[in-house]
Structures are given as structure tokens and as C-alpha cells.
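Take a look at this one; I'll ask things after.
Which chain is which? They are A, B, C, D and E, in the order written, and residues in each are numbered from 1.
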Amino acid sequence: MLEIEDLDVGYGTTKICRSVSLTVGEGELICLLGRNGVGKTTLLRGIIGMLPATKGRITFNGSDITAADDYDRARAGIGYVPQGRLVFQKMTVLENLRSGTMIGGDRLGSYPDEVFSYFPVLKQRLNQAAGTLSGGEQQMLALARVLSGRPKLLLLDEPSEGIQPSIVAEIAEILQRIRRERGLALLLVEQNLKFARSISERGYVIEKGSIVAAGTVEDLAEDSVVREHLTFAS
Amino acid sequence: MINNVLYKQPKFWVLGILFLALCAFPQVTSGYQTSLLAKFLVFGIFALSLDLIWGYSGIVNFGHAIFFGAGAYAMGIALKYLPFAGATYFAVIFAILVPMLIGILLGYFLFYGRVGGVFFGVVTLALTGVVQSIIIISSDLTGGMNGLFDFAPPKLGIPGLIEFDLYSPTVAYYTVLAAAIGCYLLARYIVNSDFGRVIQAIREDEDRVEYLGYNVPFLKVVIFAIACGMAGFSGALYVPLGFISPDLLSIERSAVVLVWVAVGGRGTLIGAFVGTLAVSYMQTFLSDQFVVLWLLFIGVLAILVILIWPTGIVGFAKRYSLRSIFPFKQS
Amino acid sequence: MEALVIQTLNGVSLASILILTSLGLAVIFGMLGVVNLAHGELFMLGAYAVATMSKLGLSPWWGLLVAPIVVGAIGMLIERTIIRRLYHRPIDTLLATWGVSIVIRQVVRLIYGTGHMSSTSLMVGSTTVFGYEYPTYRLFVILVTVLVVLLTFFLYFKTTFGLKIRLVISNRSMARALGINTSKTDMWAFGIASALGGLAGAIMSPLVTIDPEMGLAFLAKGFIVVIVGGIGSLYGVIAGGAVIGGGEAAISFLLRPVVAQIIIVLLAVVIIRVRPKGITG
Amino acid sequence: MLQIENLHKRFGGLTVMDGLNINVAEGETRCIIGPNGTGKTTLFNLITGKIKPDSGAIKIGGRNVVSRRVYEIARLGVSRKFQSPTIFGDLTVEDNLIIAATGRRNFTDLILSRRHGAESRIEEILEKLEFGEFRNDRSGDLSHGQRQWLEIGMVLLNEPDLILLDEPTAGMTLAETARTADLIRQVLHGKTTLVIEHDIAFVRRLEAPVTVLFRGKVMCEGSFEDIAEDEQVRRIYLGENP
Amino acid sequence: SARGEETVKLGGLFHMTGAGSVWGPSMQQCMEYAINEINSSGGVLGRQLAMLAEDDNTSPDIGIQKSTKMIQADGAKALFGVVYSSVRAAVAANVAARFRVPYFYPTYWEGGTSCGRYYVSMGAVPNQQLDYFIPYLVEKFGPRIYCVGQDYIWPRQSIEIVETLLKKHGGELVGKEFVPFDQSDWSSVIRRIKDAKPDVFFPFIGGGLVDCIKQYYDFGLGETAIASTLMDELFVPAFPPELREGMQCSVSYLMDLDNPVNNAFIAGYKKAYGEDAVVNNMGEALYDSVHLWKLATEKAGSFDIEDTVDALGGLSFNAPQGEISIQASSNHAALHQIIAEVRADGSFEVIKDFGKVEPITDCKV
């Protein structure tokens, strides 16, 4: 579904990600692990098109999207939940939910009611300005927002951040369910190894902007980099 | 030792030559050119005061000409009503204090009321019209529409002993040059102090600064008052070089000072002078050459500069490693 | 009684004039975050469109149609060539549009000369309201204002286009990442706001001087209205127009007009001090 | 040190604080957990003076601070880290730290740049956070996790007596989370600290007493182990297998 | 060329851009026309004149800069131009008086300020515009006059004079009112005018006059006569025909004057600048100014500026408006007062030319 070959992404003249290659198959749940500041967020921004690729190729569903505009990538079906949520602060929850409906489509419609089955709390907050939601609620809104569209691939940047443990577990279940029902593919950046493990089978480890290891999550958990940074070394 | 510094720091050479050139300017050019450069340096101080608040503290002031004008009027009125020798010094102090007071009042009112950003700018824009109206209707004091001109000529030196008439282009020029250097050094000191650092933090996120224990409205009023005082000072210096009339407080003047700072490079201090001189000389040149079309060219130029040089001339120079010439802070 | 009715109508008509002339400004300023110093010139172009119709011997009513279209198109052109590059630098838009305003003024001077333009009245005579005579054209202006405001509200709050614009303003890069073509919405948003400016100029042309400098006066007033009402809200424009227009009509009835004007602005400052987000904020 | 008495706060129809009572002793580290949207951040907003309660008292060192302004409360020694990192992105890392370190000085000190020995504390923090190489970088270019650390550094430099940390480890790797926990335990040892966190591993590592907030009230208090056993807490917050 | 070195330079300062740009271009043409005319008839004292033209952006600041340049850098012997009073005051005080160069100001104004040896007022002061106009209005339309002015010195003084004249001629000032410069909505003002039921509405409004009159008609006041001292060939096109028709004007010059000097002047002017070219009283005053400078210089017999200035007082010139002269005590011109009515097509019907009226002013040279 998503193939990345030899990709370079960065800010202005500073290159952050170097020669990254990875693939996400149809309905596959992939996680991206790595310590702080290695370029995980940068890579996701490169995939959604917020940052231009200076080298390499991105193919989505068989077509080359390396030069495509970010909004066209979204319309082709890539949903992005950024780190730090970035909900539309001054707009209502309802309008935020509607804002996701262009993903995988070409017009702004109304959101499907099923998002409330994922996050019931949002239903009581429909007319509240999103900026006044609590941190966790905003995170849920950011997830609900992309799920209002019809994404084929989800890019999630640390979605469990700021969410209470019981809901983190629920989110894992929700994602699994959507994958089963709609064949959703997932590229997940996560520090919470437990959460990562609970939803993904395969993963990559990124270090200083390059992929340094790939394999099943179980194998990766044994990887030295991961061990050093993503688990409690005592 | 000194040699070593000079050798290693081409900046000192460049600055030294620039300084000597500025000192020699009146000796090698005409009175017209001298008073022209003096006037532009006055405008440079005015722009510098704007850079302090706009470039460093993020206070948007669309009515900065109010303070320039207030300074000029305060100077003129003081010279008119203080008939004793040495009145010029009092007049200048008056010209600094009056705009400062207006600034403090406005700042107290608005900053303590949490009015910031574009709101503040537009309020000052609206006030421009009000202050202009007040000046026009108080014609007994201000000369109204016609402007204020029947005051004693400003003089420097020691009354009775040795006096310099500021209406002489050379005297005005050296006075302004010294004032410009003094104001620049003062501004540089302020922005490099811890106070300056906090002011820059306020520009970015004033709420966060408050959580660190700073009285943000107070600090904003302080920097605003300093800038207003400096603008008033430049207004006072303008008096012997120009004319006191309501036109000094026009919206156009407020807009053009923003352009000077932007063209020179916001938040660089020296950019205020660079931008002012560049734009003013360009304007003089164009309007000499094209009596009708010059304004059109200025408009086009303003647009192009902003599109092509987003960081202004100094920012551009910085990028192209002319670092040694411009004494800006390296970050 | 007559004084009361007429003065109230004057207040309403002044308020609607202010609302009409600042609506486009509010859209560009409050919603796109662009301080458009060229808005007064767009207004001026609208008035010139009507004057041009008169000059060509056509009915000035055509001007009311031509003005928003032409000025809207000019607005789009400005957006495409200049504003578009400056969305992340709001203060620079101020400077760039200042340049644009100079250019428009000078180009108009080159084309039409420096003199005043004349326009034919669109409507003459008066109509009886509550038993008193009032100029028909002023009533027409009130009506047009109401319609234009309603239309603008509908556009911004009830259509998906409006939602898109508001999303783009709220967070540009995130809106793009969700599939919204920001450059298209930007262009249309700016174009429509410019068209509003042009329409206002056309409507006002029978009541004001038409010359290249005419936009300046309306610009400053427009900003005060927008600020007093509250940035980013269209309700704000209405509230601001009502307060400033009604206030000016009321106070200038009682005091020396210059003093009234000074009081109005100081009052605006007080309002902003008490309600920093504007009346409706 | 911090007493919260019968605190009430409503947003429109939503009751966020419903008679909250909390007592934190001098030098104590207290962890606050609770479901999303239960009012934890709001509690910090109330303590720091950002919003005013409808009723109730907040006493810091015995003084009721309810009517004070944000900066006055900060000057009493309350220092806060925000839920999403809030730093001065256009300034360098070092400048951020200097500003934090000098927040409680008077104006003369500020304009004369008198720092009263803050330099050495800044060096110390730079070293502790391993930020030496970034000290002259624009802080806005740091990654999310790095910003979290920078903000923690700023809080530490602000000479606080009462420290409020809102999700200090969000977005950090486990190893860094652990280091943060250690840092807090060492550096903040003996300082009154409130920590909001959803990261259970971190909460456990902190080895501090835990208060569980629920619907604007304290639901229960105790050591992490006690809390983790609590049936109700598992139901509303932790989930089945924490 | 050798000829080039011999030219004598005269400086013209015009509002080519900015708020006053309505006036700039025609003034520049008038000055240029006068210079060309003098040059083609042999110049002054055998030397050709050269014109310097600068734009002041309608700003005192640039006005000072440009006129200083013309004098100091280019060596201009005299300065001409400007409409806006603040620019005039600036040039008179900071340039003309300081560098001792005569400055000819071509527009009506209140008089009293700016005076001095080097300042030559070529525009009408209030008594010249009003002395005959007010009795005429009272007689023709009735005694009740309502005045509205912008809130500054020229309208205030003019309205004061109107009041005095009305008293003298059995009229009555039924209302006066001062408005801000940027007044754009006139409904309240007009309401008060309507209530006062005047026979004549007499506005002293520069910039806002067009708005005011347009709205005045809109409020159904078309029946009441309007009198103005500002109406001229440049202003008239701003009004739709139905609004301008019948307006009563007091001026010192009109393009439509029928006398041999004016006919020749207009014919030559149109030949030079096209059939649509316009001159108003300011333009004519500028034309007269250049000629007066020439006469003074010739009388002095040298290009010495002091001699020229000395020679100015008492000179007279047969101008397009008729004979005018310089009052020696004040350096103010004695000008004609002409009353005219505007026709729908924008032309003026001259009703009466009262001949030369001496200025009454506090100015002493």
C-alpha cells in the first residue's frame, strides 16, 4: 500500500531523515520506534507531504505521490494524527469532526455517527470549542477527526500520549476493529511499547534519521537500541 | 593587542571607516545633502524606536507617528513658551517626557487590559486620527492646520558663552549623528540585557512569561514608554530640520516607518537605520527623476522587497555572510 | 418626535454604511488574518466602476454588478501574486498591502487622471417612513446591507466553503493535511472579501467624493469598527458598526462634531479595554 | 505548603471542581492521576491563578492566593510545566533557561542583567539535561521530547517552592521517562511537587503518594500499590490489566 | 550649451501625489505655460527661463526637502506653487524666509500667518471673496444664511467675516457648525440645516464638499441655494449635473471669462495641453505669479533676488482675470471678485465682475 524508497526529508537545508525505505502492506499495522529527536515525526510529515522530499520516492496504492500536494495525498486516503494533536482550537468539536471528512474523498461532508461509538465523551462536547477540551479529549478528537473520513492508511504520531490507560487499551481495540472491518493500514509512531505491541506485528527502528532495524515487534523488542531506550533499563 | 583585534575583526575596520565617513560628510558635501542625511538619521532613530517594540517585543504599533509628532510639538511649544537661554535642553526633555507619558497612559490602559497584538495596533491607528484632530482644533497652542513655526530657534552649547544654532545644517548634522549613535547604543544595551531577553520572550508567549514570575504588563509598559520617549526625542531632533504640522502624525508616516524597519530587517536595530536610509534615498532619487511616477515605483518596490527579502536587508546580508559588517547579535 | 425618528434612521443608515464598508475588511482581517491596507483602494475601485459606467453612458446600476466582479477578480489577482506568499507573516501582509494600495491609487491616477470623478445618482427622492420623509437611497443602502450581511453569514457559517475557510485560518498546514486545498480557498476567500469591498464602494458612490484618495478615510473607520466589534466574528462587524454608527449619530447630535468624533474613538478604546476581544468576543 | 479547601468551579453546565480538598505537605511529591477530562489541568490553572474558582480557598504557605494575579503567584514560588511543552521557540535554549532563572528578580536587576549566581545553576541544569550541545540552538527546532526536557529545566531554574508538572513525560521514551523520574526524585527532593501523569510506569517509578481525582473530587489517596489494587480506580481509569 | 548656462531657474512645487493631487498637474501646466510664453517672447533681461518641477506628496516634510533642493542645489530664483496650507506654511517659513527667496502662493487662504518679505500671496483672502458676495446673496435669495466649515482656521475666519457682513447688510447667520476633516456622513449636519430653513447654504468645506453636497441633495434640500468660494473648474466635474446646476460661486478667475487677455490665454493653453485642459483660479494665479516675477525682475534690472523682491510692491499686471496688483504693504495681490453661477454642463455663467478688490490683512512686509 505504501512504499518508501530511499527517502530524504528535512527542514530547509537541514536533512533529518536519510535514505529511509519502508513498506506498509494492505491492512498491515506497522510501528516505528526510536528515541526522542531521531526524526520519526519528520518522517511522517514527509509522508503526508507537509515537508518536501529532497530525494527518493513515495508510492501509495501503486501511484507515485512524491511530488503530490499534501491535500491530494489526504484525499487519496492518507489520514494523519499529528503529535501534539493540532485540533482546530477555536472551532467546535463538531466542526473539527467534519474537517476530517475530505480524507479519502473529495468533499467536505458530515461525520459518521460511528465516531461516537469510539469516543462517547465527544458527543457531549459537540458545541464546545476544541481548544477548551482537556488534553486527553483533544487527543481523542484528533483520532476521531481522521476516522470521520475514509482513510486507507493512518499515520499516527504517538496517539496514546496524554490518554488514560484504560482508554489507551480501548484505542488499540478500536484500531484493530477498523482494520478488520475496512482493511485499514497503519503506520504508528509510539513510545509506549506495550501499546505498540498490542496492535502491531511488524516494525522499524529509526536512529538518527535512518532505519537501523526491522522485523517483528517481538524481535525488535529485543533489539539493542530499543532495549536501551524504549524499556526501563535499570 | 589592539592591532590584533583590528586584524582579526574586519568589523572594526568597516565600522571605523563608516564612522569617519559619516564625520567627514558635511565637509565634502553641500548643505542640502548634509541636512538631508541629518533628516534621514533622525528618521533612523524614529525607526529604531519602533524596532525596539515591534522587532523585539512584538508590540504592533500602527500609530507610531503619534509619538514622533508629539515629541516635535512638545519641542516647538516648549521653545515658544520658555523664552530663556538654554531652553532647548528643557524643550528636548519635554519632548521625551510628553510622548513617554502618552505611551505610559496608553500602555497602562491597554497592556494592563490585556489588549495586545493587532488589536493594539489598530487602536493606535485610530488614535492617530484623534490626536491629529486635537492638534488641529487646539490651534492657539499648536498652530492648527498651518503648523507651528513661530518659536525661538533651538540652540545648543552653553548659553551666553558659546552657542550653536541647530538651524545650521552642520550643527544639526553632528548633533543628530551623536544622538543616533547614542540611541543605537542604548537600544543595543537594552536588548542585550536580561530585560531585553524577557521582552523577546514576551513577544513569543506572554502568558508563559507571566508563569515565570514576570509582571508582563509592567514590562510591556516600560519598553513601550522607552520606545515612545525615543520616538519623541527623534521628533524633537526633527524640529530644526523639518516643519511641525499635523502631517507629522499621519497614518502614512506610521506606515512608512514600519516599511523602513521591515526593509532594513526587523529585530536587528541596525536594520532600522539601514532600512530608513535605503528607502529614503531611494525615494528621494526616484522622486527627483520621476515627478509623477515615483510613488508607483515606491509601491512596487515595497512589495518586491517584502516578497524577496523577508528578513530585510540586514537579514539578507547576514545570510550572505557579510557578518563582519553588521554588528548584530549572532544567534 | 420627528427628530427622534429621523435621527434614529440616520443612526441606522450610518451604521449600515459602516457595516457595509467594513464587512470585506472584517472578512480579510478577522478571518484570513491579513491586515489589508489596500481595502480602501478596493472600495475606491468599486466607486470608479460606477463612475466608468456613467462615463460610458450606461446606467450606473450596471456598476453595481460590474464592481464586485471586477474588484473580486483584482482581489484574486492580488492574492495569487502577493498575499499567497505571506500567510505565515501577518505583519508583512500589512506592508505588502500598503504597497498594493499605493500602486492601485497611482495606476488609477494614470488611467483616470488626478481629478474627481462624477457619478449619476442611482435613486433620487424620498420615501415616507413612520410618517416622515427619508431619502430613498439611504433606505436602499440599509436594505442592501442587510442582504449582503445575511449572504455573507450564510456563506461563511452555513456552507462547506465557509467551513473550509475557517479551517484554513485556524491551522493552515493541518487543514492541508486533512485534504483541503488551501490555495483555492484562500484565493476565493480573498476574492469574495474584495468583491464585498468593491460592492460597498459602488453602493456608496452616489454619496461620496470619487477620487483616488477616497479609500483612506474608510479604511481607518473600518478598522475601528472591526476591532470594536471583535476580530474574527462577523457578528462583531454588525455590533461594531451599530455602536460606532449609532454612537456617532447620537453624540454628534449633542456635541461639537469634532469632539464627538474624538469621544467616539476614546470610547472605542474604553470598549476594547473592557472587552479586549470586542463586544461579541 | 498547599491546601485546597472546598474548591468549586463550573464551565457553563459542566462542573469541573466539585468541593475538592487536597493537602500537600512541605517537601512532599504528590502524583495526581485521573481520567481524561476530570479536571487535573484545571486544578493547575486554578492554583496558578490562570482561572478563578467559583468558591473555595487555595492556600500556599498559609496564604490564600485565590484573588492574586498569575505572576504574583509565580513570585510566591509556584512554577509550572504545561501539558504540551510551552517554550520560547525563537530564542535559544540558553536564553530560555536564563529567562526562567531570573523570573523573580526586580526590574533593576533585569535591566542591569544582575543574575545573582544563576549562571552556575544554568550550567548545572544544562549538564543534567545533557543539553550542552544545543545551548545555542533555536529551541523551536527541538523535537517534542527535547522540548519537554527543556521546559522541565526551566521549571527547575525558576527557584520554585511549589512545582506543578503536567504530564512531564508525554512523548518520551521509556528510558527517558525513567531518567525524568530519577531527575525529579533527585533534583526536586525536598521540594513540594505535584505531578500529573497518565504513564503508569512513571507513576510507579516516582514512588510518591498518589491522589486519584474523579469528577472534581478526590476519589482516593494512597501509595501507588494501594491505588492500583483499588477496584474503582481500575474500572474508571487503569483498565483491566495495568 | 552656452544657452543652457544662461537660463534662470524658477522652482515649482506641486501636489502631484497625495491628498492634494487634484490640483498638481494643472498648476504645473500653468507655470510651464507662463514660462514658455515668456521664453518665446525673449525671456527676462535677455535670458531664458528654465522650470524646475517637484512633487511634494502633499506633505510639508517633502515640500521643504524639495524646495530646499531647488534653491540650494539647483539655484532657483523663486518658488511657486502649493495648495495645502501646512505645506505653504512650511515652505514660507523654513525655505523662503530662511534662504531669502520669494515664494508665490496661488490659493485663497485666511491670511495673517506666513507673512513676510519673501512671501507673496496671490490667492484671495476672505474679504476679497466675500465683500460683494454676501450682499449679493442676501439680495438675490434672502437674508438667512447657514454656514458649515471644517474645524480649522480658514473656515472659522471666513465664517466670522460672513457673520459681520450679514449684520452689515441686514442678513442673519441662522446657523454655523464646524465638522471634522474626515466627516463622511453628513446626515446629522444636513438635518440641522433643514431645521434652520435657510435661504442660502454656504459651506466652507475643502475635501468633503462633494460628499456633503451629494448627501444634501439626497435629503431633498435641492431647493435651497448653495453658495461657495471653492467651486472651480476642477471641482465641478465631481458633481452630477443636477447637483451642480445653479450653485453660486465667488472667485477671482474663471475659464469662461470673456475678455481679450483671457481668450488669448485659454486659446494658447488649450493649444498646448489639449481641448480638455483645465485652468482654475489657482492655475491662473500661478501664471500671473510668473509674470509678476518677470515684471519685478525687469524693474529691478538684475537677477539679484533682493532687488526683485523690492521691486514687487505696487506692481500691476494685466492678467486673464483683469488687472491685478501687488499691495506694497503686505505683498498680497489685489484680485478681482467675480460672481458666477454653475450651469448643468459644468460651465460657469459670469454674473458680475466687481473688479479689483484690495486685500484686508494683518500682514506687514
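Simple rule for what comes next: a residue touches a chain if its C-beta (ideal position, glycine included) is under 8 Å from a C-beta of that chain, and two chains touch if they have at least 3 such contacts.
Which protein is which chain? UniProt says A, D = ATP-binding cassette domain-containing protein; B = Branched-chain amino acid ABC transporter permease; C = Urea ABC transporter permease subunit UrtB.
Just so you know, these numbers come straight off a predicted model, no measurement behind them.
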item: Reaching chain D from chain C through chains that touch each other, fewest steps; value: 2
item: Those chains which touch chain E and also touch chain C; value: B
item: Farthest chain (mean CA position) relative to chain B; value: A
item: Chain pair with more C-beta contacts, B-D versus A-D; value: A-D
item: Inter-chain centre distance, chain B versus chain C - centres from mean C-alpha coordinates, in Å; value: 33
item: Averaged-CA centre spacing for the pair chain E and chain D, given as whole angstrom; value: 74
item: Chain centre separation in whole Å, for chain E relative to chain B (CA means); value: 37
item: Centre distance in Å when chain A and chain B are each reduced to the mean of their C-alpha atoms; value: 50
item: For chain A, residues contacting two or more additional chains; value: none
item: Residue list for chain D, restricted to those that touch at least two other chains; value: none
item: Residues of chain E touching at least two other chains; value: 16-17, 151, 180, 182
item: Pairwise chain contacts, counting only pairs that touch as defined; value: A-C, A-D, B-C, B-D, B-E, C-E
item: Residues of chain C that touch chain B when the two form their complex; value: 29, 35, 37, 82, 85-86, 89-92, 94-96, 98-103, 105-107, 110, 216, 220, 223-224, 226-227, 231, 258, 261-262, 265-266, 268-269, 272-274, 276
item: Residues on chain E engaged by chain C in the complex (per definition of touch); value: 16-19, 21-22, 24-25, 151, 177-180, 182-185, 187-189, 191, 207-211, 214-215, 217-220, 234-235, 237-240, 242, 278
item: In the complex with chain A, residue positions of chain C that touch it; value: 160, 163-164, 166-167, 170-171, 173-182, 232
item: Chain D - residues contacting chain A, complex; value: 11, 33-42, 83-84, 141-146, 166-167, 170-178, 198-201, 205, 236-240, 242
item: Residue ranges of chain B touching chain C (in the complex, touch as defined); value: 54, 60, 62, 109-110, 113-115, 118-119, 121-123, 125-130, 133-134, 136-137, 251, 255, 258-259, 262, 293, 295-296, 298-303, 306-307, 310
